[in-house]
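Per-chain residue numbering starts at 1, and chain names A, B and C are given in the order in which the chains are listed.
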Amino acid sequence: MELMPQALLDGIMLGAVYIIIAIAFSLVYGVMHVIDFAVGEWIMLGAFTGFHLTTWTRVDPFLLLPVVFILFAGLGYLIQPLLQRVISGHTGNPLLMGLVFTFGLSLMFRGLAQTLFGFYSHSIPSHFSTGSFFFQRGDFFLTVSTVRLAGLIYAGVITAALHYLLKYSDFGLGVRALAQHKEAAGLMGVNNKRTSASIYAVYTGTSAMTGVLIGTILSVSAKMGPEYTIFAFFVVVLAGMGYLAGVPAAALLLGIIQSVFLVYLDPGYTLLAVFALLYLILLVSPTGLFRKGV
Amino acid sequence: MAPVSKDRRLLGAAVVCAALFCVPLVLHDTFFLRVLTEALMWIGLALSFDVLAGYTGYLNFGHSAFFGIGAYTTALLMMKAHWPFPLALLAGAVAAAAGALLIGLPTLRLRGAYFAIATWALARAIQQFALVSSFTGGPDGMRLTAYLNPQYFYFVMLAVTGGTFFGLWFLLERAPFGLKLKAVREDQESAKALGLNPTWLKLQAMVLAALPTALLGGVFAYWVTFIDPSSTLGDLVSDQALVMVVFGGMGTLIGPVLGAVLMFAFKTLFWAYLSAYEVLYIIILGAVIALSVVFLPDGALGFVLRRRRTRRQAPGADPAPAGPGLAPSEKEA
Amino acid sequence: MPADLRAAVPDAPAAPPGGAEPILEVQHLSKVFGGLTAVNDVSFRLAPGEILGLIGPNGAGKTTLFNVISGYYAPTRGRVLFQGQDVSGRPPYALARRGIGRTFQVVKPFAGLTVLENVVIASFLRHPRRAQAEAQAWRVLETTGLADRAHLPAASLTLAGRKRLEIGKALALEPSFLLLDEVVAGLNPTETDRTMELILGLRADGISILIVEHIMRVIMGISDRLVVLNFGQKIAEGAPRDVARNPSVVQAYLGKEQE
């Protein structure tokens, strides 16, 4: 039981990172109404890119975050028109076919990663990786690892940036308009294609950046994609699809679950638990804990 | 127009089946026979996957679970309870049907996208579970007593796949059931107003999809004499079935057959010559799925039919195929 | 309004023909969504063979009322009685079986199927065998004038065609009661007249009809009686002429009187 506070703290800090994943994912869903099965793969690719860039340039991964963002935002911007073509296409059930498209993407990315990066898992080294803050009050002590703290700060910065972008910029206004009513937004001059492509680019860039974070805090391997896809689904479904306000609570919960399992149980069971929980949630309340999902 | 060409196609299918039946009598190369047996298995898998995916519009990422249930039930009954093969096979089918009801009852109420996530999560959970439980042999899998008779398994596979094809042809193309499923696929809410109970229909579709898959799994288990979680419950069964169906043409019977034959041919050639680049395989699978969805919305079959119709049509007429497709742009999932 | 149509509309009584058991009865029906009361304590009756028009400004709750009557929503309060039986909250497919058919305001045929197949699906309700279902579907297509387009994809129909297909599908259910939701919206006058003739023909066949429509000449011309909704409440009921002169109705449509 003495390990519990530490586990909780670690979980919360990890959860902060998950918030970013879930927000970006939710944004895309809100605008394009597509569930991206490749979210974990974007994270994985970002992590690997961060790893290799760091190894190659010897620059701290945290400083490379903007580079990773730009790289993957660009990639996302290029790919999005294909996705757009699918969902505005003529097949019955275009949104489901959009899901299939992203599923195909996820397979491609996983294969690419295995080809380029091999099967081993790595940890991305950073100046923050070693080192921690140590708090003690009597018998009660907590270790705050610097890298997780950095992750927390990252989460805070990105959340603030996204919030600012959505609330105060013209682009953000367009995004929110599209999410609420596509035709009306179009009539008001919001360019669906460009805005959708841009928000998708923001999503892919952010997910890749978050991958780098995860790579420094935890590890990166070519097989980690599905795990984070499940995590993203879990957070977003629990929060309620499209309901951004529910994300923090759900993400923190996931982080805590993961941490607790790591400390008290076999981490191999974490995935099983998350799968099982996700499945149960979908059965009981597919619109999320707060019942505000779409 | 429609019924006549349908009967002609059925006759064609019967002829093909008869020809396939005669193959072992002519061909004595067991390697080739085994390749054909596997091809037949994939045709069957693609067909059964399409029942839910193409006809009903529900992507079941957990499709491999039915395959695995069939495989493991057959294996367990034969090895631990010494049941004869045909009986164990049928038991596997019954188990899968039960599984379909169990999985389907709660999940089929969900909308298509949520259903996809739920089945995906469930499939991975089942896989994870099979890996950790020793009852099923864990990650090491199970062995069955070998019965080495390629002709036997060829005929059994042909019987199962052929039976599946003609059974589905009757149920989905002839009987009202298929049309009702398509109605649910197109617009569930409208379908309700016409007296259809979507959840019940979807449940029936899932059971219908589970049965042949489980039979194929059971045959597979006895045929290859070794099964483990990754080969029977892994993603590859569902993923490959998905590729075959999306590439071939969803919502039809010929589409999955075409997709299965083409993808299987590619798969065999790939593993024969490029097995050094095994990671390429999954890239290509993903690429085929993604590109098919974008450029071949009705699959290869739809593409071929559209070309033929445009060439045959008088100029000025509407070259619209009667397949799934031409929906107005406003569509909710 | 064309003289022949006016002649076709009998002088309707202000209340349903006395003595006849109403085919539909809505009793103190309310439907609340979270904070929004879409339908508030609405009651009315519909006699067999009657055409009852449901009118009201946009957002008055007409479609919600339709959705409750046809089983898509369960009432928050109150009941729906069909042929004397309480059917509140029963799902749409159960109601279809009992003889309630409906059309949808936003017409969405099964786009991936042909016109014939669209109707055949509805025919399956009363004719489980394919052959008979197809035969009945052909009859419906003849009635609605779509027989020449039977094998075309439903998505290729014009709006008028789609609206007729929508009615056709409801007819194939062999209903005793039809809910028609804006079946003439967006049609040109010729098409509108043809649809009105069709509807009157249905009434002549004994089908009771509850119709929502915004086009005044249609609903005034066709309905035996009218019910007017505003903000979810019934504000008037009676013969079309009387309702048209009712000050609260005028106010509801035109807003407050100019000072």
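In the analysis below, a contact is a pair of C-beta atoms (placed from the backbone, for glycine too) under 8 Å apart; a residue touches a chain by one contact, two chains touch by 3 or more.
Predicted model, so just to flag it, every value in this text is computed and none were measured.
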| said: If I average the Cα coordinates per chain and compare with the overall Cα mean, which chain comes out closest? | reply: B
| Chain at maximum distance from chain B, centres defined as averaged CA atoms | C
| query | Is the number of contacting C-beta pairs greater for B-C or for A-B? | reply | A-B
| request: Could you give the separation in Å between the centres of chain A and chain C, each centre being the mean of its C-alpha atoms? | output: 48
| message | Report the inter-centroid distance (CA atoms only) between chain B and chain C in whole Å. | response | 43
| field | Whole-Å separation of chain centres (CA-atom averages), chain A against chain B | value | 33
| request: Two or more other chains in contact with one residue: find those residues in chain A. | output: 92
| query | At which residue positions does chain C touch at least two other chains? | reply | 111-112
| task | Can you tell me which residues of chain B touch two or more of the remaining chains? | result | 185-186, 251, 324-327
| field | Complex contacts: residues of chain A adjacent to chain B | value | 33, 35, 37, 82, 85-86, 88-101, 103-112, 114-115, 226, 230, 233, 237, 268-269, 271-272, 275-276, 278-279, 282-283, 286
| note | Counting only contacts in the complex, chain C reaches chain B at residues 70-72, 91-93, 96-97, 101-102, 104, 108, 110-114, 117, 120-122, 124-125, 128-130, 133, 151-153, 155-156, 169-170, 172-173
| field | Residue ranges of chain B touching chain C (in the complex, touch as defined) | value | 1-2, 174-176, 179-180, 182-183, 185-187, 189-197, 251, 318, 320, 322-328
| remark: Per the touch rule above, chain B residues touching chain A in the complex are 57, 59, 106-107, 110-114, 116-118, 120-122, 124-125, 128-129, 132, 185-186, 239, 242, 246, 251, 277, 279-294, 297-298, 324-327, 329, 331-333
